[in-house]
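For clarity, chains are labelled A, B, C and D in written order, and residue numbers in each chain start from 1.
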């Protein structure tokens, strides 16, 4: 039974608390948050204790730590938790700064404890089924990957200003999805971006709509499309062309009801946002972490994966600004 | 090259004229109609002659006759045309009277010329693909057949009064579809009917909505649903459950465009009515007739099939009135 | 906070235990079962006590009882639990005997405590969305209801012998669904049944495939199709034709992945069986029970609904045997 | 009645001959081809004459010419036909050389006769319905266009060597589709290409797989994906994101049959190639030409459109070679 400390008590921490508590192989022992009341409330709900972060990290009875705090604390907490001998599952991204993330990567490697980054989409039943089918060779040799990833509505401009920008905040999930499905890092990253959804986002120095093309050493190509706004709901699709066919992971819908009238044939919208769409993925992600830690086996997503996606975000940011393709190698050096 | 005389110059005759003319194995030679102008117009359009029906039937240069006149003339014309040595394709139904149709069947058999009944739906690419898959054993042993067959809007009550009723006029297509797919005649026919779409149809002595259940000697079951009104378009679906799976032939849609908005995900309606939906079926039906007549091989739909469907309509009419299952045998004797 | 005793510790009791525990308005206090070990194990998992049934019923601190024992105990337990002042949620069916269920109905009415019958499908998000759309008038006046309800595989013949037969054991869910959607009881019930899936089921006196037609006082019609075997998974669909359109609740699929190859375009199968398909429905059912009991408002499904569905099963059983339509009134007297 | 001369008697000329003959507003008068037998055969089939090209162009009784000869003759024939006072419908592309196409554009403009370029996809019922919906504002302001356009199988390498390359031969259709839907020319064209389908195509100096990103002055973005091989059939999809929704034109399928077995739920493949998919588009294209010429109104696709698409192909070719975005302006000067 894995004894777990949860750092953070916000909305996504609540999702993780449920996963920890309902998983038969783990128990939630303690919760910390800069907001004491939030920590207390969440702890009570699941029969755990509210503690200070240090008290969690220093407790030898705690085996693992789940980091669900604000992004600017991730690197420090990964370093401290692994230094304290804890297995770690940390929400993405590792850091907004690639250099800081790479430094963290080195410290964690030295500390020798497993660190998993919360790229929850890898555990979505649809995307994981697509990946499994591709790995079984069901469409032959893979050639072209397309990822469509639209949020239902843009966040407040105030958030965008501290988010690191669309490529680091939003598309980073899609960069990881590309790495997951292609099983390789790209050679070049070419990005175009625009603030067509909301000019205020452009004025804040960011884009709200972007298309990124990735090329691979073996001639494969990937395309990622992002928009901060799809009024019909969370649009999360993956499409993979291979020498022997095409795989598509389509949207989850709110229900299966279809209405036919003189106005046409109308079905339900996609599930609204990530909590609705990816709730099963969070539980599967945690189950994979528990299984790997308990077995001492390799984690399915690593800190290296977190750094790799961040490097692609860095390259895309540069490409969108300069209008030129950026090699991933140039960013990593 | 099959030389063809067309009896009738109405709307459906026009559809057949196109099929005859564009088929590389047949030529339209002459058209007759009680309306001389209509016959002349249709003949001119396709480079044929307008003639009296007798002049067509008596012309030894004409190989085949397509009967697309009003229902009350079908039996007589089948008898006369086969008597004159013509191969015949006659629009359904053979007759509204089962006894008259059976008499015609005997005359035609004596005349020894092939007669095909225009159950065009057998040639619909969707239904014929479903039938072919079932025949290849793709769903194992067949068990339960379901036919949904809704018209977009009811005909005028004046038409309904002379139509022979829903079972003889509309569901007769579905009875033939059941015979086509099940490859056997049913043992019993149980019908319930209602005039829920338009009370005036009930006052005219007919129903506008009906459900018929057919049982077969080997334990199989079929269900047919009819409604005179589906405001979203022509709803024509077939579903066949077997020991190893399910086959469904779904509706054809007006186009493939799908729109996702806050109101849901909306696609196009089914094609509006039989001319839109079954236009390819009419051409395929005629091609099958030409191929069989030219090869001297068995026709894919025969006068016997026309009588069989009519007997089922008779049984359904009796069942809806009496509230009891009717055996097909009792109707045929 | 509703304090709940759970009678039964089998598979479906486990599902209910989860719903009781995760619902913020209810707590699982005690579990009983004829198998003490099973009760103890389930109780421990959710922090409850294993007790004798009497100890649960006699505990004044327990507000509500969930009955998930074998069918032959339902009526007795409903009577005893309501007699002890508990609110009750009882798994379907009330009883295999209509007379016994009606007697239970009288006792429970006298005891004056609310009894809800576990027709979980009413709480399926798809069926409830269809019902809500119909109630909002989105397809005008309803006319024809079709229910397709196929299990993935038949149960053992040993179970079938004690099940009460397909109409009481399996189609009873669909009878309730018809009552739910049509908002009225039918006038007549006509059934045909066959043991085409497995002759041994026929030898045991039951059918494994059946079609039932229901007629309503206002001219509407409903058709229910049941098969004990659909090898592709649990096939649970509802279709409702109205004067202004059609509503369909389609199957839930295992995932949204679609593969296009030379063999065609292939998607996932329907979710396998009721635990997969209706898991969200069990939680919603329990939530509705808790909400109604706490509010003292009317339950969404009542013991009367349980008796009504059982009467339809009785009528269908008689109809399948006699080959005649059976009026519901004749069964209820 | 428009009297038409057809230049060319190959496969696509046969498609046009059918459209000309079946359109009630046009008649096929004459056919020419470098292969006299082919011209004679096609002319006979539709009651026309085989003639030399000059004899067609010099015949004052011929109103319009349809050019369906090899690409290298298009520009010359457009110039000669307009010089002879004929209205022209010419198959795409205008020429493989942008400079030659621009010269032709000037000559035709001087000759003052209408020239339509055969971008048949604009007349596909799906794409035209999507465009109409966008023009009606059904998804608000348009933002991101995605075009997926995969052929079922690559042509012979011998053809590829004379084709002008993927961008001029294949993607030119998609460039025109982008112009059609976006209603504007792009500012920049960025292309990546690879010969991952067949290395021999790469050795011949071409790519077989490519992704092109287009940016527009108003901040919109378009992405085009091409592959010479999709083994499951002709994959022709368009997707348009707007401020108020998403429009998708999906593939046409061979039929609507769906099979559910233990292996999954399988539907038909997309129609195989352009003749199957776009047959209705060819008829609609010709009808639009006839209507515009007869009315003296503006043609729906012009020689300018042909030059615009060719310029984008030129820019994409340069971008794929240099790895840099190319402005359309730089190519047009």
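Here, contacts are C-beta pairs under 8 Å (C-beta built on N, C-alpha and C of every residue); 3 or more make two chains touch, one makes a residue touch a chain.
On a predicted model such as this, the values are computed, not experimentally measured, just so you know.
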Which of A-C and A-B has more C-beta pairs touching across its chains: A-C
Most remote chain, CA-based centroid, reference being chain C: D
Euclidean distance of C-alpha centroids - chain A vs chain C, Å: 40
CA centroid of chain A to CA centroid of chain B, Å: 57
Contacts with 2+ other chains: residues of chain D: 230-232, 235, 244-246, 260-262, 268
Of chain C, residues touching chain B in the complex: 143-144, 146, 148, 150, 188, 190, 192, 194-197, 209-211, 213, 215, 218-221, 223, 225, 227, 229-232, 235, 241, 243-246, 323-325
Chain D - residues contacting chain C, complex: 230-233, 235, 253, 260-270
Chain A residues within the chain C interface of the complex: 125-126, 129-130, 133, 138-139, 244-252, 254-262, 268
